[in-house]
Amino acid sequence: MSHAATVHSLWTTAAVSPPDKIPTPHIEYGQLAPTLIVLGAAIVGVLIEALLPRRHRYAAQLFVSVVALAAAFAAVLGLAAGDYGTSKARIAAMGAIAVDGPALFLEGTILLVALVAVFTFAERRLDPAAHGNRVDSFAAQAAAVPGGDAEKAAVKAGFTTTEVFPLLLFAVGGMLIFPAANDLLTLFVALEVFSLPLYVLCALARRHRMLSQEAAVKYFLLGAFSSAFLLFGIALLYGYAGTVTYGGIADVVDGTVREVTPALAGTMGNDALLLIGGAMVLMGLLFKIGAVPFHMWTPDVYQGAPTPVTGFMAAATKVAAFGALLRLLYVVLPGLRWDWRPVMWGVAIVTMLGGAIVAVTQTDVKRLLAYSSIAHAGFILAGVIAMTPDGISSVLFYLAAYSFVTLGAFSVVTLVRDAGGEATHLSKWAGLGRRSPLVAAVFAIFLLAFAGIPLTSGFAGKFAVFKAAADGGAGPLVVIGVISSAIAAFFYIRVIVLMFFSEPRTEGPSVAVPSPLTSAAIAIGVAVTIVLGVAPQYFLDLAGQAGVFVR
Amino acid sequence: MNPVNYLYLAALLFTIGAAGVLIRRNAIVLFMCVELMLNACNLAFVTFSRMHGNLDGQIIAFFTMVVAAAEVVVGLAIIVSVFRARHSASVDDASLMKL
Amino acid sequence: MENLIGLLVAAPLLGAALLLCGGRRLDGKGHLLGTALALASFVIGAVLFADMLGRDEHDRALHSHLFSWIPVGGFRADVAFQLDQLSMTFVLLITGVGSLIHIYSIGYMEHDERRRRFFGYLNLFLAAMLLLVLADNYLLLYVGWEGVGLASYLLIGFWQHKPSAATAAKKAFIVNRVGDVGLSIAIMLMFTTFGTFAFAPVLSNATDASEGKLTAIGLMLLLAACGKSAQVPLQSWLGDAMEGPTPVSALIHAATMVTAGVYLITRSGAIFNNAPDAQTAVVTVGAVTLLFGAIVGCAKDDIKKALAGSTMSQIGYMILAAGLGPIGYVFAIMHLVTHGFFKAGLFLGAGSVMHGMNDEVDMRKYGGLRKYMPVTFVTFGLGYLAIIGFPGLSGFWSKDKIIEAAFAKGGTEGWILGGAALLGAAITAYYMTRVMLLTFFGEKRWVPDEQGNEPHPHESPKSMTIPMIVLAFGSVFAGGLFSLNDAFLKWLEPVTSHSHGHSPLSAATVTAGTMVVLLIGVAIAWVQYGRRPVPSTAPRGSLLTRAARRDLLQDDFNHVVLVKPGEYLTRGLVYVDHKLVDGVVNGTAASVGGLSGRLRKLQNGYARTYAVSMFGGTAVLIAATLLMRAV
Amino acid sequence: MSFPLLTVTAAVPALGAVATAAVPAAKRAAAKWVALGFSLATLVLAAIVLVSFDPDGAHFQLTESHPWIKDFGVRYELGVDGIAVALIALTALLIPFIILAGWHDADPLEEASPNRRWRPTQGFFALILMVEAMVVISFEATDVFLFYIFFEAMLIPMYFLIGGFGDRAGGRSEEESATQRSYAAVKFLLYNLAGGLIMLAAVVGLYVVTADDLGTGTFSLQQITDARAAGTLDFATSTERLLFLGFFFAFAVKAPLWPLHTWLPNAMGEATSPVAVLITAVVDKVGTFAMLRFCLQLFPEASKWATPVIMVLALISIIYGALLAIGQRDIKRLIAYASISHFGFIILGIFAMTTQGQGGATLYMVNHGISTAALMLVAGFLITRRGSRLIADYGGVQKVAPVLAGTFLIGGLATLSLPGLAPFISEFLVLVGTFSRYPALGIIATVGIVLAALYVLVLYQRTMTGPVKAEVRGMPDLKVRELVVVAPLIALLIFLGVYPKPLTDIVNPAVDHTLSVVDKKDPKPDHPVTDAGWFSYSPMHDRASGGAK
């Protein structure tokens, strides 16, 4: 009977092949350099935590992180310059990781975002100095009970959680791998590698620690839940195709697989495995993207997490997750286009509308931005659905544009503070335009970019995506997208009205004067927003060249 | 015996785990249920690996375990800190942020 | 010579510009400047007249093309003048009477601090009126047409601090606008019919157009005429227009502007001649109005309003005549001119009376004034005789001809029209006699005015009396002069063409009849007002009297039929706009908000709920995918 | 590469905006002069454009064309036809007056403003110049996308102008008027943004269609019209209609056309009168202009298809706007509704598809700009004097401030398009143009003439005439600055009323071109008069006396 035979062969292969026969894996260190640099730096960071005295850690960590990220970005540029994005695109690390245009583009974006995020992480001027020590947005001692003696002591001692830097680097490492992963296992591992540090980071807020911890719990539980689905989906796909490499699965789906074992023949016939598996994997990714109905963690987590983390998360996670989604849909499941496209249509529609509509009645800036990010996820999905090279490049462009706007916006949020830390309730933003026109104006620019007003990056991105979608035959999506952006415009405008046209509150918040770090972050955000809005061609070209997946 | 049955078992375990996540309140139990789901996946992997007669599935199972272990570390850390802050491990108590 | 035509208009226009923009520094000399320019344009007119007489009667028309005004596609409007006998007649009337009234006003407005502006407006009026009669195409005529409307608006409302004046002015303008709509539609019709709206081509090719088109154009022109000439049904503004200073009433609302309708119809003769139905409409309007005005005139105690009624009625005569076609055009114009003289005279007289009586207008508070202001009495009296058509005086010649022409229309139509005209003559005799008696005869019924100062009636200054005298001459001799071997007829015929109808009655009979009714009218008036003393407060009077006092309820009619519904309509629309049109928008916004409010309730903060949504979502995802495959 | 005149014309005000905004807080007065200077410079440039434009030359002149966003098929393409030139001139002409009129509108209430960096005055004038720049460039843009960008971006500065600077008038608390203002501003923005986004969908659609037929998507008006003429590009009927509707909706909101008009009264009512003028006289013109340039020339077939409905809507706007104007108690809202009525005329003329109609509509845009500016600015002067927008609060002003009253009256007469003043010509042309193709509509539209007289004269009567109200007594007459604002406008109204030929000469060729694109001919008169019989007029020609037949 066949099973016995297979089993037997299994044993025999195990028996007759001594370990020395196992070929040593061949790793293209050069092409994996960006990831390796970041992860290496992360480990260095851990060591710093272990070995250096407290007072030196901050500087050292900051230095290491910045250098590492910069170096990694340089490496990406090098690879891109070496045509690894186009003609020399290939699959590296024994088929585990793809090095191609989209991968490089997204890695570059993520690294830049991370670099800017590091600045906001390192900001130490906003909070009033506690006991003569400059403090940042992170808890003095995460383990201490909020408001407990231990915490007081830690604050008094001037502890700071410099671990955030290695955590960030680990997360970045995972994110770099996520969109480049070329087999489902790597995908899963990468997912966890960047999720776990984020869970922790969420719990580290200095102010409102209860909220912070709650956010962490929710994010963690739901994240674990979703990754379980993802994993089961992977299992089913594996069961269907007998392999977890993207290429392999794709071949099986298309029926162009080379030799068909009887077992494979058996499972190949069973499309249920494929469809259910695909759907579950999709769900895992949609969760990270924050698409309705997998979005409900977003507002809570965005609100509870320390704002720098929120900014980083909102920007980088989306980029990574969409990268992975693109690769999955364009490399693994193109054969199933006719099955998943309608479903994704539905998701895109409810995401666009849901995000926009619910945002209308929000009263907390961070939650507002969270819902707007959901709506934007919907817009990007519209581009994903296009299933054309144009679609890919438009999504890449949108991600790049959007991530910087988001980062900038959240950085501005960190500036507006009152006695209790950041004043995120909208009512406190009333009249900000009178008190500090510059900050208000900058925030207004970001909001207008979110709203997709021409001459901002938001508009260019939106147009690119809609154009691709319409080209890809998703005209109705465009119309719905337009409608929901009209709804979305409403609440962006509301904030602007609040800032400029309503009388300042006497007990209103003050705008902290940031250190060059945050200022730089915001400045970069504005610059990118304007440049991508006025002269997007160069970056569109980049994204266009990066529009082909290797398989 | 027919390995497909293991798949059914895996599916069952997964569902039980999911159901647990949906209905239980205690964070620890929730977390256990997630672990259960992960293990269901492992079972599925191993089964498929047997059916296809290649080792990938088994390898993946190991990876999964490691990842699960990592999750435990992070997860428990978070849950414990919350527990110390609130003296309760009920996820329903952690609902300050809503609407 | 052609170039002079432009100057004709330019002179008063310049005056208006100077006086209105000149500012206070002109306050001292302004009135003289205005008068001088009016006279200047009269002189120019006279020169042109002389020149015109010098030429053969068939190429007397002068044409001067200034510049192309609105060239858009096939639409060609030029600023060009055409001076033929018809225009010339008007030019002389306008500038002549106009100048006189300028002079009169110097005295009349002496004590008004805004006299400069008054003369500015008068000049503006002259310019507009001249433009109206000199234009060589309907669109330019339209400019003059509304220009005189504006001038009359400004002058009626000259004493703006009086709400009644302001209201009257507004009313006049708006009623006229209704008429103007007619004119503009007429022009559009001409454009679509002939591709042009210049007099020459349109009128010379009128016959090419279908009768229906011509009738439509005719009716629209008639509507315009009704508005400007205060003919039923657009007559209601004229009475109120008397709120203006008396010289204005004399010049604009008696002698010139209100007769523009007659000019329009006569000018457009070629159109009406080929549209019998339109003509019928015209004569009907004329006949109705001449009676309407006459009846109103009988009931008014306000001397100016009485005269206004008479004006309305007299213009009714002219319109009637014009409606008769080639039979009547000449006489319409002739009556227009004579009427210009005596009615202006009458108004100036009335003004002089008011001047002496602390601006009292109620005739029942006059009486026995002939001793106190002899000149006024004589001139007014001559004007009176002229208007009732006392043999030999102007009115006799012109009105008599119209009545003849009315009969000459022939058929029952002729009888009806002739009858109406005769009846009108009788009533005219009656109410004018009434005015005469109430004002100058009987015993004094004067009362002190609000400030309590007794009126001391006195003769007006020279500047006022001289024009009255001049006009009196006109009212006496003009008609006779014109009728001397049909001078006027021969003069106008080349323009308006003339044909003798076949009257069922001989001219003599008509004249005799006219005399009879005239005497009856005078007699009745004498019985009522000459013999017994006149109560200084009006008796309640018969139903008709009371209706007539209220202008035969015209205003009440408009109020009920137009004003009220209009108010309700606007109020309703304001509500609709706010609640409905705007409501929809705000409603949408609100509903989105409501939806949002409900949806965000789902975000209840419980991690388990979120998990449920994820789980459900996945289930749907899977189901959908499978479904897609199944389908 | 010739001198980029058009770019410069648009760039100068933009620079002016920056310069004005840069003036330090203390130097409030300086900012005003800077702004005025730049606006005058723009006026000069516009004049140069005007003279260097050759009416008999190519359709689009002074063209500039550079690649911009290749991936979107977007080029930086500028060019002007007669219509654009006229409107640019109008814009450049009005802005200095608007600035002068708003000289004190943005002075902070108390000198000691809470924050050194809060510079309302600088902001006010900078925003005005910014709007001017965007309006000018959207008149110049011959690339649909380029146009769209500024058509949308324009909203932002406008939004701040409306929401940020209300007039100190209206017996309401500062708090309440602030809420009213921001409501108006938000309403303005959302209305127009909604319109713009719908248009965005259509723009995307246009790209897709052109990309399908021409290989590469393009937004160049010239290219698209040529391609359609050559037949290489042809829209499916349904697509063309959808795209047309997308475009038209945006323009109809901007114009505004009934029933999309309700934002205008709020916006004009709450904004200071110079800003109100900016809205109705300048910004809204972009809407009607775009109908003429883009709706008709991109989608001629669909335009013809939609004409009946649009004509009816325009007609409703005319009557409805006028009736509501009569019903208003607030001077500025009254003028706003009057404008709605006038925009009805403009749209009527555009879609009458006759030379008179469209020529008239174009003149109308210019004339309405000037006349409304005159009326609204004088109204603004009046309101700032008395501190109330309610008609009922006035009376007898004519007695105390005759010049103000006089100018107000002239503005009003222009608004009711009295012959001799510019608006008459345009209105009559529109009516003729409409009448010659749709007699019934033309006749109904004439009702508007009467209603106009009603609302203008009632307004004048209630505010200016009658006994002098106590609050009005001692009201100062127009100051020099104010006279400098009003007098030229009035002069212009009279000049263009008497001698519009310069304008018509510029506009006519552009209109003919548009009509040729739409492929419509003027209806011929039934009995065209042969020039032979032109001056040979004798009254004997008629049936009665058996005349020539």
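Annotations for the structure displayed:
So that you can tell them apart, the chains are marked A, B, C and D in the order they are listed, and the count of residues begins at 1 in each.
Definition applied: a residue touches a chain if its C-beta (ideal position, glycine included) is under 8 Å from a C-beta of that chain, and two chains touch if they have at least 3 such contacts.
All figures in this text were calculated on a predicted structure; none of them were measured in a lab.
Contacts with chain C and chain D are shared by A.
Shared contact partners of chain A and chain C comprise B, D.
Put simply, the chain nearest the middle, going by average C-alpha positions, is D. More C-beta pairs touch across the C-D interface than across any other pair of chains.
The chain with its C-alpha centre at the largest distance from the centre of chain D is B. Separation between the centroids of chain B and chain C, computed from CA atoms only, is 97 Å. Per-chain Cα centroids separate chain A from chain B by 24 Å. Here the spacing of chain A and chain D, counted between their Cα centres, is 47 Å. Put simply, the C-alpha centre of chain B and that of chain D have 66 angstrom between them. Residue positions 18, 21, 30, 91, 94-98 of chain B are each in touch with at least two other chains. Residue positions of chain A touching 2 or more other chains, listed in rising order: 217-218, 221, 225, 229, 299-300, 490.
Across the assembly, chain C contributes 589, 600, 603, 605, 607, 611 as residues in contact with two or more other chains.
Listed by chain label, the pairs that touch are A-B, A-C, A-D, B-C, C-D. Residues of chain A touching chain C in their complex: 217-218, 221-222, 225-226, 229, 271-272, 275-276, 278-280, 282-283, 287, 292-294, 296-297, 299-300, 338-340, 342-343, 346-347, 354, 357-362, 487, 490. Residue ranges on chain B touching chain A, taken from their complex, read 2-3, 7, 10, 14, 17-18, 21, 27, 30-31, 34, 37-38, 40-41, 44-45, 47-54, 56-57, 59-60, 63-64, 67, 70-71, 74-75, 77-79, 81-82, 84-86, 91, 94-98. Against chain C, in their complex, chain B makes its touches with residues 18, 21-25, 30, 91-92, 94-99.
The part of chain D that touches chain A in the complex is made up of residues 67-72, 114-115, 117-119, 148-150, 152-153, 155-156, 159-160, 163-164, 175, 178, 181-182, 185-186, 189-190, 193-194, 197-198, 200-201, 203-205, 207-208, 211, 217. Every residue of chain C that touches chain D in the complex is listed here, in rising order: 20, 63, 67-75, 79, 139, 142-143, 145-147, 150, 153, 157, 160-161, 163, 165-167, 169-170, 173-174, 177-178, 180-181, 184-185, 187-189, 191-196, 198-210, 213, 269-270, 273-274, 325-326, 494-497, 499, 566, 569-571, 573-574, 577, 581-582, 585, 589.
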